[in-house]
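Notes follow the structure.
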């Protein structure tokens, strides 16, 4: 990285770290292949105290979306509710006019799939008109993704999780926007925490930004943020981790390290490497717990909703310690 | 149950099996309280082979909803896709007119929260204008549920899971519609499988109906079905299970055992007991696996999406063995 | 109006100006009854130059909604588009795999019915749990309005229209927020314009506020605004107009003339009188045209979309001169 | 039309009847240009008895859509209703906790823009990757249509309307599915009705099919239907009508007269000629009225909602006689 990175840097890195074909020409889950059954069994060993911690923001109108890329916060609508019960109209409206004593309520949601705590699928990002494993853009039409959709990961995002609390490691409440996390930071943080990171792990990187912005989001979605920089790529590749999530909107450092390419690490990691990327993970409670008990690894279960042909999914990731 | 059950039967059972106040006047999660940290640790011991099995149906237009109660199958919409990439319009439409080499896709969903594999929250059902723990109907307005909403369970639906494959136990591909599963069936099935069911377990009851109807749903949603009958209630109460899910639309037998009350077990179990109920769980793959290896218990992780004030949530339940 | 108005003032005015029962106990369109076939024929006489002027704001994401009362700007989504055509995927996705040479595009909308230029139906406002003509609140359930819904007006909102350009009459670009328009203002404006207002007319009152705020809406939706005040009510009643619309969010002056009642004229006019009220009408082009040619009346055709059970409707009102 | 028509026939007809460039290279409204101010004034002369007739189907769940092309019937949702009023929760939920005596209700809609009575915009159909006036497919992206969108017609679809009641002319309740209406039929029907059709008219062709299918739609949407055939094209061109609507799903005869091209008249008329096409118009009441009074022309006002970048719009067309 002697000279300023540009699109050629990205091209080179995509090639260098490419996993295309590594798990077959028809693979659709990328680094999730790193997790073996044995890893899952070993991950169970991280369950020691029986704590279960949710890493999802609530999904509601107070979420972080401010309209970027057409995304909005979830719109929640009741279509059968207590008012219908109190007024008695529910009997006619829902129970055919005969009162059979039950009263139910029901609701619906309208939401961009990437409006809150979420997984990107491997069809979410393309580079030079191709997605992970070389599938061309024709595979994502108005009807959705016919390759690399989120359904592929329905049963794959469980295993060993590791929190890397980089903010705490650096002794700050939150890394500054624009701070590019390096391999050295990640390895140093793991060392300081006394935890090893290896093949098949799901790594959660805490920058502190979500906590800093919670409830007063401002430009959290799409604005300047700390996050992974080019210098973290070798670490991500060499550790052979299965997935990586942050408490930021976009995983990587913003502004990006090159003005020529937007979200270049998405290109290298998601398109090239086939890395599953999680965003807007709420790591506050987990980080406090890990600092308390000194245990930074856990059983991690973060199942996406298997929407057919979807390019992402909201998720409620659970850390079990 | 000497004489035909009616609404008074239901009233009596609600009272008899009520857990209102058992975990405090402000409790909002009911039987999920049965799970202790120790249970979670013990559940980890069920992870032996590292298999991960998803119990969710795909969420898409081919789902089982046919309009009952105003529910419809999920509507999935792309709002940034491969067509925009191929045509090149994405640069202007989403990237401000300057090509910075990344290409993204994005999508959204419109769906009733209970249109597929799902958890009912404890605000989903009321009886005589009250929900679990005595909260009145005023707590579910057009703005949603201010008590017993699904967010309460965000970090609670993980622990030991047990499959009771009642269809297999009875030697049939699927129980007949109208078959009322009894305590004897459940206990007998557990015995036959060589598995114990106890406090804090999540019990998954397989009737075989989902497999019978898959892709050709007919009246699966709301029509005749096998399911739990009145005679199962004591077993559910005495085992002190944390949650119960079936592969049917509505958990309990349909037609109901009394014409006077619709879904009476929802009233007794969900309203009275505060039982977390899962529906439309796809248990086929799990059942086959359990039959193969003879292991009917597993680590169960089925996190709802924490929609604020929602009365239910789609879920992708994961069984880890 | 000697002393400060309060809720009793409103109660008295509702009674005084009530049209409940005037057109039968089952009437559901209120003042739209003022329009007779002869009025429609006479209105045709206003068509002199053949100009057609739309009074609707565009319906899109740049609309005036900022979240008040849960309203948002329309969300427009393509589900078949040029990208599918260019990539060729449309043949498989929409035309069954066989190319029959046509290419279509398609789209959908998600919108609150009162998010832009709109009619209130007579089920939109209630007072003391009753709507126009005495129908109780039980007639508006989660399934919609079974009385006074917007469908009732499907063929009724056409006739003679009159613009009262009060801003121009007062010699200002826009009336100040908080300015309460009086009967004197309305009558004086009509006089100055040389136009008569009478039974069955649709009166459009221009305050100028929409033009002042266009594209930079701020608190246009729900914030301070000029509009009709208590002192306008007798004029509205005595003229026997069929409908009234303004270029503001809420027709009446804000802050309201009494702190005790929110939108009191909605109560008196819509609930009591059964007046059809239009809001967020874009009167700029019409006002300029009227000022140019001195003709302030026109044929008015503003058909709501007949959504069954809806309490309002977006509308594209047309003035034909 | 000696030999069986095929795609070359369509190509030839598109060229032969093309209006590309006729109203300038930047025209976006096609045949709506045929209406002059004088025509509008003359159309006013059709208003004789003061009758106003809506030509829209109700927009609701009972509409004709059965899923073809991803279209569904409108989903109407209340988000503030009488239940909230009766329970009193509305004060907290919507009025900030202070009772200011007003009670409001509110609702929203989710709908494909072409799910009911509707206008096609000139960006709805393309042929060989071009739409009317030669604009390429790149002008309809996931963000909508930047040429020929429905907003262009916001103030244009008013003028003289003429009903051609072809079913009545042929002496049948409804034309048979597959019947191709010819120029002879149209001219003969006009003659028999004693009405002239000419430049700038909006022509409504009644087949009777909607009435036959009302409430029991079956394959109305997309299935076999009577409608315009190739042999009607010269009449449509030579009369120089401004718009054409039918009471069928798709305006033209189905099955189409060539198996090679789906909806070939959409290509010739909409893409080539720039004709505004209306579909699913409910012509029953109008037809009965016209048969009664013998007056088949009227003032026609059918304003689309000006959705920005939309390729179609629901409409409530009004005939005023």
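Should a chain be cited, it is by its letter among A, B, C and D, assigned in written order, with residues numbered from 1 in that chain.
One rule holds in what follows: a contact is a pair of C-beta atoms (placed from the backbone, for glycine too) under 8 Å apart; a residue touches a chain by one contact, two chains touch by 3 or more.
What you are looking at is a predicted structure, and each value in this text was computed from that prediction instead of being measured.
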| item | value |
| --- | --- |
| Fraction-based call for subunit C against subunit B, same above half, different below | same |
| Rigid-body rotation angle, subunit D and subunit C, from Cα fit (steps of 5°) | 180 |
| Length of the line joining the C-alpha centres of subunit C and subunit D, rounded to whole Å | 25 |
| CA centroid of subunit A to CA centroid of subunit C, Å | 45 |
| Overlap residues in subunit A, where contacts from two or more other chains coincide | 70, 78-87, 89, 108, 110, 137-138, 141-143 |
| For the subunit C and subunit D complex, residues of the former touching the latter | 7, 10, 36-41, 43-45, 47-54, 56-60, 62, 69-71, 74, 76, 78-83, 85-86, 94-95, 100-114, 123-129, 136-145, 151, 154-156, 158, 259-264, 266-267, 299, 301, 303-312, 314-318, 320 |
| Subunit A-facing residues of subunit C, complex | 61, 67, 72, 75, 78-81, 83-84, 87-90, 93, 110, 137-138, 141-143 |
| Of all residues in subunit C, those that touch subunit B in their complex | 70, 77-79, 81-87, 89, 108, 110, 142-143 |
